[in-house]
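As written, the chains take the letters A, B and C, and residue 1 is the first residue of each chain.
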Amino acid sequence: MRRKALPLLLMLTLLLALTACGGSGKSEGQSNSGDTDQQGSKGKEVTLTYAMWDSTQAKSLRTLLDEFEDKNPGIKVNVEVTGWSDYWTMLEAGATGGSLPDVFWMHSNEIYRYASNGMLLDLTDKISSSNQVDVSKYPDGLVKIYNYEGKQYAVPKDFDTIGLWYNKTMFDAAGLSYPDETWTWDDLYNAAKTLTKDGTYGILAPLHNQEGYYNFVYQNGGTIITDDKKSGYDDPKTIEALEFYIKLIHEGLSPEVYGDGGRAEMVQNGVAAMGFFGSWNLSGFTDNEAMAENFDVAVLPKQERQASIYNGLGNAVAFNTKHPEEAWKLVEYLGSKEGQDRQAELGIAISAYEGSADLWLSSNKTYNIKAFVDMVQYGVIRPYSNSTAVWEDKAYEALKPAFMGETTVEEAAKNAAKIMNESLAEEK
Amino acid sequence: MERVLQSKASRRIRNEWYWAWFFIAPTIIGLVVLNIIPIFQTVYMSFFKSGDFGKSNVFIGFDNYIKMFSDAQVWHAVANTLLYTLLVVPVSIALAMLLAVLLNGKIRGKSLYRTIYFIPMVAAPAAVTMVWKWLYNTQFGLINYGLGQLGLPAVNWVNNPNVAMISIAIIGIWSVIGYNMVLLLAGLQEIPRDYYEASEIDGAGKWRQFFVITLPLVTPTLFFVLVTSMIQSMQVFDVIYMMIDVTNPAYENTVSLVYLFYNNSFKYSNKGYGSAIVMLLLVIIMIITVFQMKAQKKWVNYM
Amino acid sequence: MTHNKIATGVKHLFLIVGAAIMIMPFVWMLLTSVKTVGESTSLNPFIFFPTVWKWENYVEVIQQNNFLRLYINTFAMMAIRVACSLLFSAMAAYAFARLNFPGKNFFFGLVLFQMMVPTQIFIIPQYLMVDALGMRNTLFALVFPGLVSAFGTFLLRQFFMGLPKELEEAARLDGCNIGQTFLKVMLPLTRSGLMALGIFTALFAFKDMMWPMIVNTSSNAATLSSALAKIQSAYSIDYPELMAASVLAVWPMLAIYIMFQKQFVEGIATSGGKL
C-alpha cells in the first residue's frame, strides 16, 4: 500500500499539471502579443501589447485605453507593467530576441540605443501624414529627445518636473512663510536652518540626480553635460552648486540620504520639512493621508536663474510589430489632442500637448500642482547622451565620498568628470 | 565454455551501459540545451566587445579579462562575495547543526520548533527583503526602536559601509538555517540508535557521543550541505540587488560578483564584460568545489 | 534529575529565543499590513498593534492584482517542475550512483558544473529559446528552465549511495532487469529523498523571481514572486499595502509547508531507520 502511494502522487501531480497547462494555455494565448493571430488581421480582433513601467499610472490609463478600444473596434490593448529597472532588462531581452511589445514607453536614457540599432519603427512619415498628431504642438525639447538622425521614433506622451514639497504645519509652527517663485537659495537655506531642530531636519538633500542636485547645478548656471558631449562636473558653476547642496548635509540641515531609500517616509512623517520630488509621485502622495493633510508643493528656488529638471516619456512602436497599422493607431490616439486631453483630465500624467496641461490642473485639488506646469517654461531637459545609464552610475559612485564627507566636493566632482569623460569617449 | 561466459559478461555490461545511458539521457540532454550551450555562449561572449542587442560584436581577445584584472571594483566584489560566504556558511551550518542535535533528542514541542525554523525558507524573496528593509529602517525600523529602548544608539543597517554586509549576511543566515537544519536532522536520524546505546553502556558522555558518533556519521549530509550552501552563497544576488543600489554608500562594500555581472550585462549593456566577470566567478567556485571534493575523502564517512 | 531539568530548560530557552527571531519578521509583516501609513511610521509612540485593524489594505491590493490567477499560475508551475525533476533526477541519480558506464565521470562532471554556474547567465539564452518557440507568457515558459535538475540529480545520488548494495543484488538474482530493479526496489527506498527533492523543487520554483519576471511579462501569466517584485519596484511609499501583498504571496506556501511538514521530515527519517 505504501509503495503505491508515491507513483500515485506522481501521477496526480502530473495530471494536475497537464490540466492546468491546457487551461491557462488557452487563456494566455489571447494575451500573447499576437503570435497567434498573425494571419488574417482583417476582420479578426487584433491584440496589442503596451508595455510601461509605472504601475500608479496603469489603473487610470486603463480607462483611457478602454475609450480607445471603443473607438477602434477590433483592436484590444493589453497593458504590461514592469518596474523601472526590470522593464529595461525585459525590453533588452525582447529586443535581442526580436520580440518586443508592440507599443512601449521610451525614455531619454535609452532612446539612442534603441533607435540607432533599428529596434524602433520610424514614425516620421506616419506623423507627417496624420491629421491628429502634430509634433509642433509639443515642446521642442521633448520632441528632439526621440529624434535620431532626422527621424522621429516616438511621440511624446507626457512631461514631468521636480517640485519643492514642504510641510505646511511645520512652516506654520516656525512662523515661516511658504516657499514661492521668489525664493532664492538663501531663502531655502535660512528656512532649512530655522526648521532644523533636534530630531527633525529642515530639508532632504539626497544623493539623487534628477530629484536632487541636477536642479541646483542648472539653477547656478552650471551643466552636467556640454553640447559637445563632455562632462560638466568640473565646471566651477557645477562644483559651486554641489558645494551648496552638500553643505546642507554637512551642516546637519539634511540627513544623509542615498537614492530612494526612505525619502518619502521621512518627509511624510515629519522627519524632514522639505523635499524634492518629481511630479510622478503625485498620485502616491495624494493617497497618503498624512501628506495630503500637511503638505503642499511649490516651484524650485532660484540662484542665477530658475530651473527644474524636466523630462518626458514617449510612446514608441517596435520595428517588427505584426500590427504596425493598429500600433500606430494607438500611438496616434495617445498623441492626439483628444488623447492628451483625456490623459490630463484623468490625472494620469501631465500631458505634453499644448494647452492640455491646463486640464490636468483640475485633476488634483489636494496640492498646488500648477507649480509643476509653471516650471516648464524654464525647465531643463534631463541631461542625456548615448550611454546615460552608464555614466550616471559612475558619477554617483564618484560623488558618494563627498556626500559622506570623506573628500572635498571639488575633488569628488573632478573625479566624476574624469570618469564620465572616459565613458563618454567610449561612445561612438 | 570460457568464451560463452565472457560474451555473457560483456552482454551484461553492455546491457548496464544502455540502461545507464537511457536513465541519464533526459537530464543530460536537458542540461546541455538549457545550461551547457548557454555557458559556451557566455565564454564566447567574453572575448567580444558587445554591440547593442547582440549585434555587431567586435572580437577583442582577452581585453575584457585584462580590463577586469585592473578594475578595483571587480576585486572588491570578489572580496565581498568571499566575505559573505565566510559569514553565512559557517554560522548557518553551526547553528543548524546545534538546532538539529537539540531537536534530534526527545524534546517537547519538537515539531513546532522544526516548523518555525523552516518558515523563512518558504517565503518569496521579494517579501523577505521588503520586510527586512522595513525592520532595518533607520528611523522607523523595529530593530532600531528595540536598540533605542535598550539605551543603545541607532545603527544605520543599510547605508553604513561597515555594517551593511553584516545586515545582508543576517538575512542570508536567517533564510537558510531551516533548510540546513532539515537536511542535517535527516542525516542525524539515519544514525542507528544502537550505536548510541552501545556507547552508553561503555559510559560515554553526551559530548563524547557527539564527537565520536554523531559528527562522523553525519558527515555525508554535512558535506552535501557544505557544498551546496557554499555554491549558493557565492552566487548571492537577490537580497543585495533589492537592498543596495548604486547610490548607497555601502555599494562598494557589498556589491557581489553576480550583482556586478548583472549591472554590466543588463544595466550597462556590456555583455562581453559581464561575461568575463561571470567566468571569474565560475573559476573561483570551481576551484573551491574541486578542493572540497578532494578533501571529502579525508573527512567524509560513507557507511 | 535537577541537573537534567536545568539542561532541558536551557535547551528550551535557546530554542524559543531562536524561534522568536525566525518568526519575528513575519509577525511584523502581518502587523504592518493592517496599519495605516501613519501608524506604520509613528515614532511617538511607536505602534506595535494598530488600534483598528485596517483590512482595507488587503482589499486594495486584491483589487489591483489578480491574485487568483497568480495562485493558479504559481501552483501549476510548481506541480510540473516537481513532476519532471523527480522523474528525471531519480533516473539519472540512480545511474550515477550505481551503474557503471562509459562517460560516467564526464557526465557527472556536467551535473556538478551546472550547479556551480550562476543562474543569471542562463537567462538571456533561455529567453531566446522560449521566444523562438513562440511560448512567451505561457505556463511552458515558466516550467522550461526547471525541466531537469542538476541539484536533484546530485541530491538523489547521495540517497542512492546510502542504500545497501545487497538489496539490489538480491533483486538481480531474482531475475529483475536494471529498469525493474530501479522501479521496484530502489525507487521506493528513496521515497523520503524524493519527498525532500519534491519540496525543495517546489520551493525553488516558488521563489524564482527573475525568470518569470522576464519571460512572462503579461500580468495574467506572472507568478506570485514575480508579481510581488513588480509591486515593490513600482514606486510606493505605502508600506502597509506592500506588506499586505507580501502576506498574500507568502501564506499559501506557508500553509502547504505546515500541512506537509510532518510527512516531509519524518519521510526522511524513516529511510535511515531501515538500514
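The definition used in the following text is that contacts are C-beta pairs under 8 Å (C-beta built on N, C-alpha and C of every residue); 3 or more make two chains touch, one makes a residue touch a chain.
These numbers were taken from a predicted model, which means no experiment stands behind them.
Shared contact partners of chain A and chain B, listed by label: C. In terms of C-beta pairs in contact, the better-connected of the chain pairs B-C and A-C is B-C.
Separating the centre of chain A from that of chain C, both taken as means of CA atoms, is a distance of 35 Å.
Computed centre separation for the pair chain B/chain C is 15 angstrom, with centres defined by C-alpha atoms. Residues of chain B in contact with at least two other chains: 139-140. Each of residues 85, 89, 96, 260, 265, 269 in chain A touches at least two other chains.
For chain C, the set of residues touching two or more other chains reads 41, 43, 87, 124, 229, 232, 239. Of all the residues in chain A, the ones that touch chain C in their complex are 3, 6, 10, 13-14, 16-17, 20-21, 23-25, 27-29, 31-33, 35, 49, 51, 53-56, 59, 78-86, 89-90, 93-94, 96-99, 101, 260, 264-265, 268-269, 280-281, 284-285, 287-290. Every residue of chain A that touches chain B in the complex is listed here, in rising order: 85, 88-89, 92, 95-96, 113, 116-117, 119, 206-208, 256, 258-262, 265-266, 269, 271, 387, 389-390, 393, 396-397, 400, 403-404. On chain B, the positions that touch chain C within their shared complex are 13, 15-17, 19-24, 26-39, 41-42, 95, 99, 102-103, 107-109, 111, 113-128, 130-132, 134-135, 139-140, 142, 145, 174, 177-178, 182-183, 185-186, 189-192, 220-221, 224, 228, 231, 235, 237-238, 242, 257-258, 261-262, 265, 271, 275, 278, 281-282, 285-286, 289, 302-303. Taken in their complex, chain C has these residues touching chain B: 8, 11-12, 14-15, 18-19, 21-26, 28-29, 32, 40-41, 43, 46, 87-89, 91-92, 94-96, 99-102, 104, 107, 110-122, 124-126, 129, 144-145, 147-151, 153-155, 158, 161-162, 177-179, 182, 192, 196, 203, 206-207, 209, 224-225, 228-229, 232, 239, 242-243, 246, 249-250, 253-254, 256-258, 261-262, 264-265, 268-269, 271-273, 275.
Against chain A, in their complex, chain B makes its touches with residues 51-55, 137-140, 158-159, 245-249, 251-252, 263, 266-270.
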